[in-house]
Amino acid sequence: MSDLIRFGVSLEKGLLARFDKAIRKNKWASRSDALRDLIRAELIKQDWTEGEGEVAGAVTLIYDHHRRDLLGKLTDVQHDYQGLVLSTLHVHLDHDHCLEIIAVKGIPAEIQKLAATLRTIPGVMHGTLMMSATGKNLA
Amino acid sequence: MSDLIRFGVSLEKGLLARFDKAIRKNKWASRSDALRDLIRAELIKQDWTEGEGEVAGAVTLIYDHHRRDLLGKLTDVQHDYQGLVLSTLHVHLDHDHCLEIIAVKGIPAEIQKLAATLRTIPGVMHGTLMMSATGKNLA
Amino acid sequence: MSDLIRFGVSLEKGLLARFDKAIRKNKWASRSDALRDLIRAELIKQDWTEGEGEVAGAVTLIYDHHRRDLLGKLTDVQHDYQGLVLSTLHVHLDHDHCLEIIAVKGIPAEIQKLAATLRTIPGVMHGTLMMSATGKNLA
Amino acid sequence: MSDLIRFGVSLEKGLLARFDKAIRKNKWASRSDALRDLIRAELIKQDWTEGEGEVAGAVTLIYDHHRRDLLGKLTDVQHDYQGLVLSTLHVHLDHDHCLEIIAVKGIPAEIQKLAATLRTIPGVMHGTLMMSATGKNLA
């Protein structure tokens, strides 16, 4: 963990009271803890918007594994983008449906292209991209 | 404006450096200023999710004003929900299309119902709901 | 209104049944009506992401009008970006707080810059950008 | 796969042309394919908003594994909610940071509570909830 720096913040009394209430409700350990989370979420949003530097995330797909050629195509695409794909989790939701979560790391634009390609493979019922960070820039 | 309260926050050195950079880039006047904005955005998100208390916002509609009965229906719906509608701004985008922005104040669930009703009036091409606050709880 | 073109769509029986239920619930007039709305929302999302061509939208601000210099700065910024600002709606929420909605039209990147500049003026408590379309591309 | 039903849709000529362009760009196989995706995304949004019925999703966490007690707490929480947790994927991002993706299935409100609890464990740097479906309702 990096060194901690302490600094002062001035906030309106009423706003601080509401924030303290939200801190208790969300079970944050302290004001610093809550503010750290808000700051990190803001920085991650900027990282994805500006598109520079490395980010991490997850592509989640729901599909029917009986669909012909689907599994082959899913694997092909993941190999085409193998520099981005870290690891994959596969869950059998029921007899027909699978949930596949693909952990990714790389440049935002490339990850978004991979997610778009996976999402439109015939048989994929829903695909989403979850945007996070590599951690390095948040410490 | 309410009284200001000053308190200390501890943050990792590297994280604070990245935050300071974002503050300069977004032209926030100070760390307190930036944190105040992040806190308010978080509280507004919670107000709309939890659904208690009064919020404010705006419904924005794009429509073709030539569409038969459209203007009458838009007015009818706004009168049905007149407790929520504060004021309306109408802009002529071009010969056919209008942008109408309806300022609203009330309980989240009722505002969301109004927005859903407006959005599905035939001839309305796009409708969105912008969620904000009445200001009272943010001071 | 442009000419209508009729084409056939094939959908899974169960999915169509769920969609029909959602159509009734949201009071869309027909399947075509509901699909038109989904298509337009998707195109608008792409217009804002790709950033080419003209879009329309609204910037919504909540602020305390007692704050010194605030009104002057708000007006200055709107004049700096006057090519984008179509019209402004001002609502007095209570004794202290104002809701100001600024209708805008232009290139996505410029509108986003205007929204970011307005949002960080000291005294502005919350600012959001609502993304819509000029209508021209949706007809 | 369920039976396919064919029905007719009427759309404005210009809007259909723009949609066809988007279909080619996003590499959807056909209009039916693209509309199916838009319909499913809309239904999933409703499932999460209305909160009835079972949904699936993924909670993604970034954390520093050196943080004392963190791993124990993460495991404790997942066991407290074991009815929801399907499986977990763990990736070592670098010497300090981990990406953990938890596949979940259950009632929206419970999944959201689990995500909120995980997100505020001290040492968790960023947490997000990705909302998808079990597939059953989308076929």
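Annotations for the structure displayed:
Letters A, B, C and D name the chains as they come in the text, with residue numbers starting at 1 for each one.
The rule we apply is simple: a residue touches a chain if its C-beta (ideal position, glycine included) is under 8 Å from a C-beta of that chain, and two chains touch if they have at least 3 such contacts.
Note that the structure is a prediction, hence the values are computed from the model and not measured.
Under the touch definition stated at the top, chain B and chain C share no contacting partner at all.
Over half of the residue numbers found at the chain C and chain D interface occur in both copies, marking it as a same-residue contact. Centroids built from CA atoms put chain B at 25 Å from chain A. Multi-chain contact residues of chain A (touching two or more other chains): 1, 40, 138-139.
The touch graph of these protein chains is a ring, one cycle where each chain has exactly two neighbours. Pairs of chains that satisfy the touch definition comprise A-B, A-D, B-C, C-D. Within the complex formed with chain A, the chain B residues making contact are 1-16, 18-19, 22, 31-32, 35-36, 38-40, 42-43, 46, 137-139. Chain contact summary for the complex, chain D toward chain A: residues 1, 26-29, 33, 37, 40-41, 44, 56-58, 60, 62-64, 66-67, 86-89, 91, 93-94, 96-99, 101, 103, 105, 116-117, 119-120, 122, 125-126, 128, 130-136, 138-139.
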